[in-house]
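Note that the chains are named A, B, C and D in the order they appear, and that numbering of residues resets to 1 at the start of each chain.
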Amino acid sequence: MTTMTTMTVNDAISAALAEEMQRDPTVMIFGEGVATKRRDLLERFGAARVRNTPLAEGIIAGTAAGAAATGLRPVVDLLFAPFLCYAMDEIVNSAGKLRYISGGQFSFPMVVLAMTGAGWGVGAQHNHNVESWFVHSPGLKIVMPSTPADFKGLMKAAIRDDNPVLVFADIALGYSAGEVPEDADAIPLGKAAVRRVGRDVTLVSYAKTVGTCMAAADTLAAADIDAEVIDLRSLKPLDEAAILRSVAKTGRLVVVHEASRLCGVGAEIAALVAEKAFASLRAPVLRLTGPDAPAPASFPLEQAFVPQADAIVAAVRSQMGG
Amino acid sequence: MSIHPLDPIQALERMMLIRAYEETLIDLHGRGRAAGTCTSVGQEAPAVGVVSALTADDLILTNHRSAGHLLARGADPGRMLAEVMGKRDGYCGGKSGSLHISAKDLGVVLTSTIVGGELALATGVGLSRSMLNKSGIVACFFGDGAATEGRFQESLNLAAVWKLPILYVCENNQWQAFVHRKETMLADSIAGQAEALGVESAVVDGNDPLAMFDAACTAIDAIRRTGKPFLLEAMTYRLRGHFEPDDQAYVDRTELAHWRDRDPILRLRARLEREGRLSVDGIAAIESRVRATMEAATAFADASPYPGPDALTTDVYA
Amino acid sequence: MTTMTTMTVNDAISAALAEEMQRDPTVMIFGEGVATKRRDLLERFGAARVRNTPLAEGIIAGTAAGAAATGLRPVVDLLFAPFLCYAMDEIVNSAGKLRYISGGQFSFPMVVLAMTGAGWGVGAQHNHNVESWFVHSPGLKIVMPSTPADFKGLMKAAIRDDNPVLVFADIALGYSAGEVPEDADAIPLGKAAVRRVGRDVTLVSYAKTVGTCMAAADTLAAADIDAEVIDLRSLKPLDEAAILRSVAKTGRLVVVHEASRLCGVGAEIAALVAEKAFASLRAPVLRLTGPDAPAPASFPLEQAFVPQADAIVAAVRSQMGG
Amino acid sequence: MSIHPLDPIQALERMMLIRAYEETLIDLHGRGRAAGTCTSVGQEAPAVGVVSALTADDLILTNHRSAGHLLARGADPGRMLAEVMGKRDGYCGGKSGSLHISAKDLGVVLTSTIVGGELALATGVGLSRSMLNKSGIVACFFGDGAATEGRFQESLNLAAVWKLPILYVCENNQWQAFVHRKETMLADSIAGQAEALGVESAVVDGNDPLAMFDAACTAIDAIRRTGKPFLLEAMTYRLRGHFEPDDQAYVDRTELAHWRDRDPILRLRARLEREGRLSVDGIAAIESRVRATMEAATAFADASPYPGPDALTTDVYA
């Protein structure tokens, strides 16, 4: 039997980093303020493997790609998702494409870490959920977990994977605590988790809105509507089988995420189901997402940006025809 | 167009207002009523010195540490506080928050919290000045960290090649969030890079508003005369943490003490007192004016309502 | 009656630029080699309004955004879509968000021009269809026309629009000719064109694959299957009404584009229909897209990357249950 | 680790092979059998001079004009042509085409056709050299245009601060596609920027392979001794158009003529003949060897099959 420890998402990420750096001397981490903020790693693994950098996301990501192609397994912390805009070429055109372009000669085992999502109230240049950009781009893998245990396990898997993996941390979850198995190992990329088993409707989500779906499911249960809640955890590879299995059972699908609607992950899932589970669909596929707008700083607006449980409940009721 | 000399007493009062504004924010943040904000404590001199050298038709772009630039330009601290608190009467209706305040009527085109954003857009604002034959120049404030983003080179190079009327002002405050400048560059000054790109530059005592004012006047004259860009590097120091809260545990105590002794406000005040140009009553009068201004500003911001839910999706498209 | 002239897509773009620069002195164009390659514009409008730039996409786009915010209407040519990766911050975080962040104080009337798509055989760092990234991002508009007339009309509309507009030119269409009305004015953004009216199935596409859909429709017609072909022209705003109207009639939808599948424009359209036209759907919604892979340089592979007419025919037959 | 001196006759033969390779490509392109390609005609000297100064464990990153660097490193022209033609036996199985050829077994990590990509990844390759205690250094070839991308500043700055063993080689060929260098920067050399960032540099006659070789040896010694990066700027010229086809109508005729007179191959050949070190038979022998090599290479590439359809989606993920 495995003993459990309670830790926050931030601690889970740190624990995964420490364990993987311990396990594999080629793993290193760098970024703006990384050595300052991760003193523990610095003291334990030394200044060569834990580095601060100049303020230049492009060269940070490019350095990671070059290092990954030639024997290292770098993890880079780019702080907030919008800052990845300065590193798109290195992530998309180099790390994502060069294995293919080189005919498989080179691999790019690297991890890009970034925070995103509503919760800090500092506005659209720190908060923008752009995960679907990378799902759309070839050669990359993307994870966006919702629990400390998943953050730890998926972070470890990301570091061990031979492809570039982007790990997005929903800022609102950073200090949320949960149980993590002491001897937790890597959790395979590309496997969703069924958070609640149900038979009437499938709620698919990831990151902070998984909790919103669970809350909605409780409300629905009180009305004898039995919702299944799927936490994608990995956005690419996407666990298509888990989604299709659930919809085949429930016949109803609501996808929920904070990222904006158009060409988001919800669009992909709805399209997947409209093709491969068409026969089992008993109601329109609904998406509850952030609006097609930048993230506002104002607290009440920032809260309103994120899909709410009552909206999920209303969506499901409409699908149940009432 | 010439600027009347900067009255040191007025400069002191402006710096004290900026400091008081930041202390108000720190207090509000401590009481959970303002989101994380980056203060300009210790960097009041470049703001007051340079902005005082600008004329009404000059335009400003700045970075996340912009309160000083805005206040020196005459921004209403009440509307600024309202913006930080996400209220409807903020300069941006609460959508910006503390980190992107712009004020079109003051010629403040941009506060970019993307480090380097101000450098990337400044060339375009300079271009519109010259294409539209506007008399104004562009002042672009950025940090030493921004100078390590490639946009720094790209911006200065384009401004040099296209002869754009831009005053680049680097507030070299020795820190880049949680990283000391020395960890990010070998030289102690970025002026050498400007020179290599053909941009004239000057390094200035960034804790002396009068020195900043004089250097800015000289630079702006050169820009108006030649149409070419100019870089001012203000050597200064970030006296507080990167943002609120930040215990500065990572900051070398002696370095901090060294710079605390050179606090631009205390320095100017002591000098004016020494020279007998500032009396005890004089300073008391300034302090009470500043206090009154900030009390009124806080009251205004408190009274301002939050934007309505519809504001969530307005102003996205023209 | 309007007289017609025959011109290529490239000529249509040039004509739109010349007419708008003539009409509005605040319109200008710059980019790497723009003044060299567009000698005609240079000679007609002068070196101030037609400029070569240093080789730096980020500052080119940032300069456009700063100029747009303060009185000009710049058009920037960033050459090939993958190069936009160097300008993502300026396009997404600045041009796309600052109107909102400023509470509507500033506008960003600018146009970003780029080529993409299979046809030149130079591989994945010149050819990557990333239009869906920008559809997903707030504050931007995107057009990707298929005919010379649409390129001219939509380019004019893009230049006149007060929002940042990205115009993607499918490289394979550059030298394709078509009729353009002499006195062609702007074509409103956000309106699709029905290229072929049909009642059995709706084929939705844009750019070069519109032609592929037309070819498939001819083949289908021979088998008495009557396909309606919709050319989106604008990807954002998306003409949802035109799509829903057609699917309400046909009950079948196939979306075709060269961009890769996951979170592409096809996903958005399939999701839209699975929600808003669910009742009229008579068959699974199908997507024919490029694979989740970088674009190969090798000629036969590059051709195989693009959806083919026979695959569209097969998809429709499967929907018709044959 | 020391390198035996560069035999000028061998240098000449390598340059002639590179020229012959490019002429073969131009011919193939003219006959519609190769996609648009950027030739290195006129820039053979930096390739042969610098690459000859490298040892087997050094690594190379380069840009879209990389044929010279690959051939100087000993790449098989047959596999290179096969790659350009998109054939299965190409170095990248036909997926790269002419613009991104890498060859792991030769230590050629990257040909980036994203201008600046080679600069962005070079620091990482330098980092792995030092972290893994490899003896090799990194040679990064890029153009004067790449030097106007911000990545140039970012790459040199990080290499300087982290002390990375990188030899930056800028082939300043006066052109950036269809734009003359003078339209994009005020200085005639980029070395000043390197100096401002604390990177030692040298400007070299880029049409003299022996001068390039000597400068490279000196630079590499410095890198191995100090662990610090070094910038070599080769002043040279792009004798053909940006890519095929390009009539160079936009190129100043006198400038072109001036540089044609300084064609690195004709210059070295004339010098060796003058010095009596190269006979008529000697040059004839080289010419026939080169011709034979390119004929065999073309035959090999022609005979190579296209990749099968399955190759479309292989090598995307590990």
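Definition applied: a contact is a pair of C-beta atoms (placed from the backbone, for glycine too) under 8 Å apart; a residue touches a chain by one contact, two chains touch by 3 or more.
None of the values given here were measured: they were computed from a predicted structure.
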item	value
Minimum number of chain-to-chain touching steps separating chain B from chain D	1
Chain of greatest Cα-centre distance to chain B	D
For chain C paired with chain D, centre-to-centre distance based on mean C-alpha positions, whole Å	36
Whole-Å gap separating chain A and chain D, where each centre is the average of the chain's CA atoms	41
Distance between the centres, which are taken as Cα means, of chain C and chain A, whole angstrom	30
Residue list for chain A, restricted to those that touch at least two other chains	53-54, 56, 58-59, 82, 85-86, 89, 93, 100-101, 123-125, 138-139, 292-294, 296
Chain B: positions in contact with at least two other chains	94-96, 100, 112, 114, 116-117, 148-151, 154, 157, 161, 183-185, 316
Chain contact graph, described as a line, ring, star, complete graph or other shape	complete
Chain B residues within the chain D interface of the complex	148-154, 157, 160-161, 183-187, 192-193, 195-198
Chain A partner contacts - residues on chain C that touch it in the complex	82, 85-86, 88-89, 92-93, 96-97, 100-101, 123-125, 128, 130, 132-133, 135-139, 236, 238, 259-260, 262-268, 270-271, 273-276, 278-279, 281, 283-287, 292-294, 296
Chain C-touching residues of chain B, taken from the complex the two chains share	59, 61, 90-96, 100, 102-104, 109-110, 112, 114, 116-117, 119-129, 131-132, 150-151, 154-155, 157-158, 161-162, 314-318
Chain C-facing residues of chain D, complex	35-36, 86-87, 94-100, 112-117, 145-146, 148-150, 176-179, 183-185, 250, 306-307, 309, 311-313, 316
Complex interface listing, chain C residues touching chain D	32-33, 36-37, 52-59, 82-83, 85-86, 120-126, 291-294, 296-302, 304-305
